[in-house]
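Just below sit the structures, each encoded as structure tokens.
What follows is a pair of complexes built around chain A, which joins chain B in one and chain C in the other.
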Partner chain A sequence: MEKLLEVAGLKKYFPIRKGSLFSRETKYVRAVDDVSFDIHKGEVLGLVGESGSGKTTTGRLLVRLLKATEGDIVFEGKDTQAMTDAQFRPLRRDMQFIFQDPYSSLNPRLTVAHAIAEPIRLHGVATGKEVEERVGDLMNTVGLNPRMASRYPHEFSGGQRQRIGIARALALNPKLIIADEPVSALDVSIQAQVLNLLHRLRDEFGLSYLFIAHDLNVVQHLCERIAVMYLGKLVEVADRESLYAEPLHPYTQALTSAIPVPNPRAKRDRVLLKGEIPSPVNPPSGCHFHPRCQFATEQCRQVVPTLKKVNATRSVACHLY
Partner chain B sequence: MTGTPSLNVVNLKTHFFIREGVVRAVDGVSFSVDQGEVLGIVGESGCGKSITARSILRLVPNPPGRTVDGRIEFEGKDLLELSESEMRKVRGNRISMIFQDPMTYLNPTMKVGDQITEVLRLHLDMNETQARARTLELFRDVNIPEPEGRLDNYPHEFSGGMRQRVMIAMALACEPGLLIADEPTTALDVTVQAQILDLLRRIRDDLNSAIILITHDLGVVAEICDKVVVMYAGQVVEQANVYDLFDEPKHPYTRGLLDSLPTPEHRVDQLKPIPGQPPDLLRIPKGCNFAPRCAYCMQKCIDEEPPFREVAPGHMSRCWLDSVTQTAVAAAE
Partner chain C sequence: MNFWAYLAKRFLHAIPVYIGISIVIFSLIHLIPGDPAQAVLGDAATPEAIQALREQWNLNEPLWEQFLIWFFNVLQGDFGRSLHTNQPVSEIIASRLPVTLTLTVSALVFSLLIALPVGIISAIKRNTLTDHVSRVIALLGISIPNFWLGLVFIIVFGVYLRWLPPGGFHFNKGFVPGVMSLILPAVSLGAFFAAISMRMVRSSMLEVMRKEYIETARAKGLAERWVIRSHAIKNAFIPVITVIGLQTGTLLAGAVLTETIFFMPGIGRELITAMAKRDFPIIQGLILFFATVYVGINILVDLSYAFLNPKIEYS
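And now, the complex of A and B:
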């Protein structure tokens, strides 16, 4: 399969000032710390992690909503990090973003038609009557009645608003869609509607997704390959089947065993983690996960594990393997 | 020990009187919960589950909200008959509540230790030293690491999971007979959620308290609840013990909820969502509230409201389909 996106050694450090107003000491939040992965054409890659793991920052770096501190982002063979903003702009058409909160990502003063038409007009893809037609088509595609085009966002429910967000993202026929927790604000019955829609669109338009979520159940439903992130680093990348059947990294094991299963008879050996995710300002030495890991050894406290391939489809960053 | 009823809610109706009309947020809800039992109330946004909980503690803002009918029997009294000062002795003492977002309910300008000792001094008449010792004990019970040092911290110095532990410690301060937890883990990460659920389970077993857990997550329900009430548009549509509910859901809404869940066990390419959206509570349909979204809707469902009746031993459902037809429906699928 052809690679659509290649990410290598991606880092994002946010500076924060500690101490007094005049102190010179600057610390960094290592939100994304040396992350590498690829997305193939037509593939759905899931990026999972808990709050503060850096998954959203990673997504934003890809579309340059944030500038990376270091690392390469290669899209269709073109190195985007070397580009100026003007050079990057045409690529924005190919990479679109869907946000978590459909309430705050739509301008309340723009009608739906206007919101969906905005990217089309900005990129000069269509003019005049064509824009209107395109908006109608897009609304049909995402399951909204085109007669609602002149309404405002507040007149729609959460699920419908997320559909508007999706229509907007599709407006420019992108190749890659980065969806940041697109269903986590929605009720389960509505969530299933939107997941099915994303699934259908992918087949219809040959899209690739980077699907960012904290909910492993949702991720496994849509994604063929899943990357697990912890405190700014990828700890495991695997195909869906093997990740769920046999999670390798102790963090992935804890994460998969912590998902509540809607079956009261499910008897499970739960790996209950101690404590919570540490601060990314002062991450633990060696393996970032070692203070919460039951298998931690002296080596884990000192040496940072790198992501290594354990077989054709999966890699893990852990000294156990 | 289970079997002794702790709370009995009968035909509770809480309505909101607004300019546009009457919102029947809770419309004839009945259930009971025993000591040492966890009752789950499940439903989607706007189904009335949180208003039900708030009605029990009489915390619904009035106006616009008012509990217009029903009985809430707790420890031999009808809570709706109590005066406001009597009610104040129940809240935080015999019945406590924990919320989704602990930060909103903790006082940000007060040390967490003081917030709990305040409860103890107010309700149990303890002196400063006793209250502090008890608070320390409570912090240990909810597994807050290094509790001595944490008493004098402010809420912002705690992480989300730790704040929820502080809330739980506060709720347990007076060893309540009933603990109401409104989406206690929704704002937390899964690994932390697992820790908190573990803690709630321990509270049920050690203190023999009754717990009402309000959640939208059927996974959480399966993990911890003994009995489940499913709510839709202000009404209870199904009630059963947790095994019966998941093994043989009777109401089409419950079945729809289970089908729309992505789970590792039934991985299919297409989920089966429930079409449409919940009704506008100002414009409740005449017959069954769920009829417009229901795959098994008949003419009768549109015309007449279905009764809430027993369809199998201990298993209640608000649906016109009888159990025989339902079995046929399940077999046909």
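And now, the complex of A and C:
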């Protein structure tokens, strides 16, 4: 399969200043620390992790809502990191972002029609009357009545708003959609609707997704491959079947064992994690996960594990393998 | 509720406000020590002459009766006459108002011309030198009282440098001398307002720039310039207009001092003069006029919300 997006050695360090006015020492939050992955055409890659693991930052780096500290982002063979903002702008047509919060991500002063039409006009995808038609089509596509086009965002429910966000993202016929927890702010019943919509759109338009989530359950339905992130690093990348059947990394094991099972009598081996995710300012030495890992050895405390291929479809960053 | 019904309701609400204001104004003024009859006739007046004048001006009636007489006259559009010149108060206001309006509007225009661009730039270039400098200037603008600033301007630009006239209102000598005479008072009156509006614009812009729909706009591929102009500024101005609108009233209060310092024949200086002479009808008429402007501005600000913010409907 052809690669659409290749990410290599991506890093994002946020500087934070500590200390008094006179003895400033600059420390860094290593939000994304040497992350590499790729997305094939038509593929849905899930990016999973706890809050603070750097998954949202990764998404934002891809579409340049943030600038990377280091690393390469190659989209369709073009190195985007070498581009200026103006050079990158045409590429935004191909990479669109769906935001987590459908309430704050829509400008309250723009009607739905205006919000969807703006990128269409701006990138010259359509002009004049065609714009209106296209807005109507897009609203139909995402399951909204085009007659509601002249309304303002506050007149819609959360699920409807997220559909507006999706319509807006689709407006430019993108190739890749980065969806940052698009359903986590929605009720469970609405979550399913929006996930089904995303699934349908992918088949209809041949889209690729980077689907960011903190919930393995949500990712399971949509993603072919899943990357698990912990404290700025990828700990495991695997195809869906093998990840759920046999998670390799101890962290992934903990995550999969936390997925609720409908049958309350089912016997389950829960892997419970101790403690909280450590601060990315002072990450633990060696493997970042070792303080919470039941299999941790001396090697784990000292040596940072790298992501190694264990077979054709999966890689893991753990000294156990 | 539609626009007109809302407007009518707001006007009805204004009525009790007016009655309240009238009572407060009247009582406060009559609490000021000093006798207008004595003030008019001077120290040499005989007690009989003073008594006769008090009788003529109804000053010997009980206060509530004096109030009712005045209030019903006001309802009929009669604000009384000056105790000194016998000129009708409405005529005095009408003849002095253009000066005050010119002054406050110029001060408003001056301060917005400064505050809007500086506030926006300061927010966009947050924590840079530009931002720090403009914030320090804004702090100075807020901290310096406008009468002191006016005096410094007179000394520096009017007396030492002789660039601009130190006082007066010279539109009767032509347009250019008029504008020259307006610069110092407008700037000293507008400084505080410029500073406070600039801080308001800045903080409101910062708040909006943090919103996710700004990221959405960037992700759409809009140029940063356009993101700021079309998405950020419009949203940031909702609270700004409220504050600017409500603060416009304080410009009138500031005009009282500014006109006095710069010797401008506006209603502000008229008020000070009338107070010195205990000219009750003028004081009452002017303060009631100020109150009308305040109430009017408040209604305008409320009406403007619905134009600015689609979430707000008249109700």
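Going forward, the second predicted complex is superposed on the first by the 320 of 321 C-alpha atoms of A that agree within 3 Å, B and C clash if a C-alpha of one lies under 4 Å from a C-alpha of the other, contacts with A are read in each partner's own complex, and residues count from 1 in each chain.
What we mean here is this: a contact is a pair of C-beta atoms (placed from the backbone, for glycine too) under 8 Å apart; a residue touches a chain by one contact, two chains touch by 3 or more.
Since this is a predicted model, take the numbers as computed values, not measurements.
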item: Fit or clash between chain C and chain B when superposed on chain A; value: fit
item: Which superposed partner A:Tyr28 touches (first chain B, second chain C, both, neither); value: neither
item: Spatial angle chain C-chain A-chain B, Cα centroids [nearest 10 degrees]; value: 80
item: Chain B versus chain C as contact partner of A:Phe205, first or second or both or neither; value: neither
item: Touched partner set for A:Asp187, first chain B, second chain C, both or neither; value: first
item: Chain B versus chain C as contact partner of A:Phe14, first or second or both or neither; value: neither
item: Partner chain(s) touched by A:Glu118 [first = chain B, second = chain C, both, neither]; value: second
item: Which of chain B and chain C A:Gly275 touches, first, second, both or neither; value: first
item: Contact breadth on chain A, by residue count: chain C or chain B; value: B
item: Distance in angstrom between the closest Cα atoms of chain C and chain B, superposition on A; value: 11
item: Interface residues, chain C side, partner chain A - complex; value: 211-213, 215-224, 226, 231, 234-235, 309-311
item: Of chain A, residues touching chain B in the complex; value: 50-51, 157, 159, 187-193, 195-196, 199, 214-218, 220-221, 244, 254-255, 257-266, 270, 272-273, 275-277
item: Touching residues (chain side chain A, partner chain C) in the complex; value: 60, 63, 65, 85, 89-90, 92-93, 96-97, 99, 101, 104-109, 111, 118-119, 122-123, 152, 154, 165, 168, 172
item: Touch list for chain B against partner chain A, complex; value: 44-45, 145, 159-162, 189-195, 197-198, 216-223, 225, 242-243, 246, 256-265, 267, 269-275, 277
